[in-house]
């Protein structure tokens, strides 16, 4: 029998298999690249190597030889390749430009201690600071103007405020609906609700934001009579619209994956449908419901267009009826103005990296919880 | 022992016919109300948008290339936005479908279930699905434009930035990365639904694994792959955040015709019209009409995907 | 102990081992053991399968008969964590040798499965699938091969008018015969059948059994069955397995009329299983 050919007889098959494997590794590569390239742009801020001080010690043109090449390179903000290409005269000119730039700083800042501050240090990013002209230490995000203020706390609060409103609104609704559809309602209801929820998920977030901005904001203001028309409350509700489909599907999935034998046993003992759902099914599916909430959190805190369209003021306030500026909004609104490579640009990337980390961990936790729940319900644990 | 059993069984001899369980009634009503509220939200959004938007919709509106001032309801149109959005999602599918389908094939047909690398790939897919869209935008800017594009320019000795700037190709690639999990999950679902007996039959006839996949498995999974592709397209068509820094333009006088052109976009146009309009009341009609166009585009695609999926599921059920 | 009750089965004269001389050894299984992880599913099995005869594997569920069958065309390769010790020789070659091309092996050792599994293609394309894999392209060659295979599987007359209709439109028995036609189209030497009639009604079953008796003129057939009467009707040799061990192997007439082992006797008379 001519069966002795061996696997080497099919090089094409072998090659295709390896190619398929390599292509599938691209998902890992992509996650890695996302983290690498977002973090890379933010790295100088993380390491405290950025300087945003308005007034910097200038190097006089005459002293060009007193400083090592590396220091000059950093001072002029050049890459080593660019630096290597420049001749001595160009370097001198650049030093002169630098000095002239410093001379153009308006005189009122010359005596301002804040003008010497490197506002990209962690201290300025996270702690309150009493800026010149302010009566008390405060958290301020103000990336434009002579002295750039990069305090992140107002953005964190903005994200948290809108996200919390969104979750408080959407999670009970979505989970209530999930219980109803999966446990209490007739099967016909499910056939109507599921496509409707898919439709809600299919509405682009820019459309939800538009609806909140043009319709909801005015209606809610006339109903609740608060002062600021565009506030975190409106943004949060609109965020909720985007979160509902996600939380509903995951929770409904977890609830229906509870074996029918559980419910039948409870019903046979004389429990009502609600008692069965509340006492038997919900506790069994609780990890899944928790995971749905975690994923909803990740979705809400990462949502951009809705918050961007509804509110944008970066003043720190805990009131949900004030405006708010979230992390995502800040990145979306300011990246276009930020100069590639400067402090503002890098801090925006750092915000992106933080966002990535936050959603990474909330998704990871949700994932682990769902995985364990599935195993437990299938009796494998 | 016998006596106590008799006692236990005594209360159940009579059925209580009427017993109003208030708690059950209340909570069933409450959860039902939640369901109703969600449906109402959907209905109100859609009704409001259609009611306000349909009157402004006309053939002229969808077939006109607007002048620089696109806030004028009488002369404006959305043709470049429709074309820009269509192009960016079409180019996206060229990347995401091959990679997504191949990955799904690896995961269902080749990957050893318990191997570490399989688990890492699955974790990566799940993780990718949860990354905020704005972070994809940053990634597109940092990787595709600042890294790939600029290095490409340096390599080709371009005098100015040709590739190292926002462009259709970079926006499409960014969206491809974002929608990768959608395609993978949908394809995997359809691959898993194919009875293992078909693969065995093919292998037992002396087909190689690759032949089995190409001739038996993939043709069967085609509708599922299509569904995944359409869902990815409909998701991507409505996304604005990932393209903000990677390719979208506020205004372009001409339609995009090269991969490194910038483009106008329906979703971004909705954003521009609703936040930067000089007179929101005057532009109200075109704003709503633009939203209707965007919704029609995404919903039609979603609807087609759902239709294909339900037909495939029925067919598979009849096979099993 | 109760007296031994002989099973009421009739052995077809043609399959009596004594009346036709047994063929040459085609498959030799030598000290074969198979492990799923650490669990041993087959224990030290040795038996010899002869050319152009029907060999039946019988035994209670989980005894390893199907697992052994799948060793003969290495379908167990597809399962993670399976390890094999000992050898299976087909025509003198050890098929577990590392340089054996399993694809070539499977072209020579065809298989029919318990659940009929026609491809969701036309009847014609089902039969032609294996031939096309082997590079047959000419329409006339394919047409001829399809007709011959379908005729050999006693299906031609029923389907000749709808060759390009879907295979899924056939009845269960027809689907199974189509699968047999598909298997014999590539001209294997050996056909493995894994409970080929277990999902069929009695009439369809008897047609499959007739077909097996017809096919053994040209093919060596190994059949796994849990149907005692079927084994008795169609096979020349029978191997009885229990808990992964080969309990007894011999001429079918002997296994069913005067088994050498108590366990075999209990099983074939229906005391357990």
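The letters A, B and C name the chains in turn, as written, and every chain counts its residues from 1.
Rule of thumb we're sticking to: a contact is a pair of C-beta atoms (placed from the backbone, for glycine too) under 8 Å apart; a residue touches a chain by one contact, two chains touch by 3 or more.
Quick caveat, the model's predicted, so the values are computed rather than measured.
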Name the chain whose C-alpha centroid is most distant from the C-alpha centroid of chain B. C
Closest to the centroid of all CA atoms, by its own CA mean, is chain B
From the C-alpha centre of chain B to that of chain C, how far is it in Å? 48
Cα centroid separation, chain A vs chain C, in Å, comes to 60
How far is the middle of chain A from the middle of chain B, if each middle is the mean of its Cα atoms, in Å? 19
Among all residues of chain C, those touching at least two other chains are 103-104
So chain A residues touching two or more other chains come to 10
Of all residues in chain B, the ones touching two or more other chains: 208
Listed in rising order, the residues of chain C that touch chain B in the complex are 73, 75, 78, 80, 103-104, 106-107, 110-111, 113, 115, 117-120, 129-130, 133-134, 168, 179, 182-183, 186
Residue set of chain B touching chain C in the complex reads 112-114, 195, 197-198, 200-208, 211, 215-216, 220, 319
The residues of chain A that touch chain B in their complex are 10, 12-13, 16-17, 19-21, 23-28, 30-31, 33-34, 37-38, 40-41, 172-174, 176-177, 179-181, 184-185, 189, 192-193, 195-200, 202-211, 213-215, 241, 244, 248, 272-275, 278, 295, 298-299, 301-305, 308-309, 328, 331-332, 335-336, 340, 348-349, 352, 355-356, 359-360, 362-364, 367
Of all residues in chain B, which touch chain A in the complex? 21, 23-24, 27-28, 30-35, 37-39, 41-42, 45, 48-49, 98-99, 102-103, 105-107, 110-111, 117, 120-121, 123-139, 141-143, 146-147, 177, 180, 184, 208-210, 234, 237-241, 244-245, 267-268, 270-271, 274-275, 280, 284, 287, 291, 294-295, 298-299, 302, 306
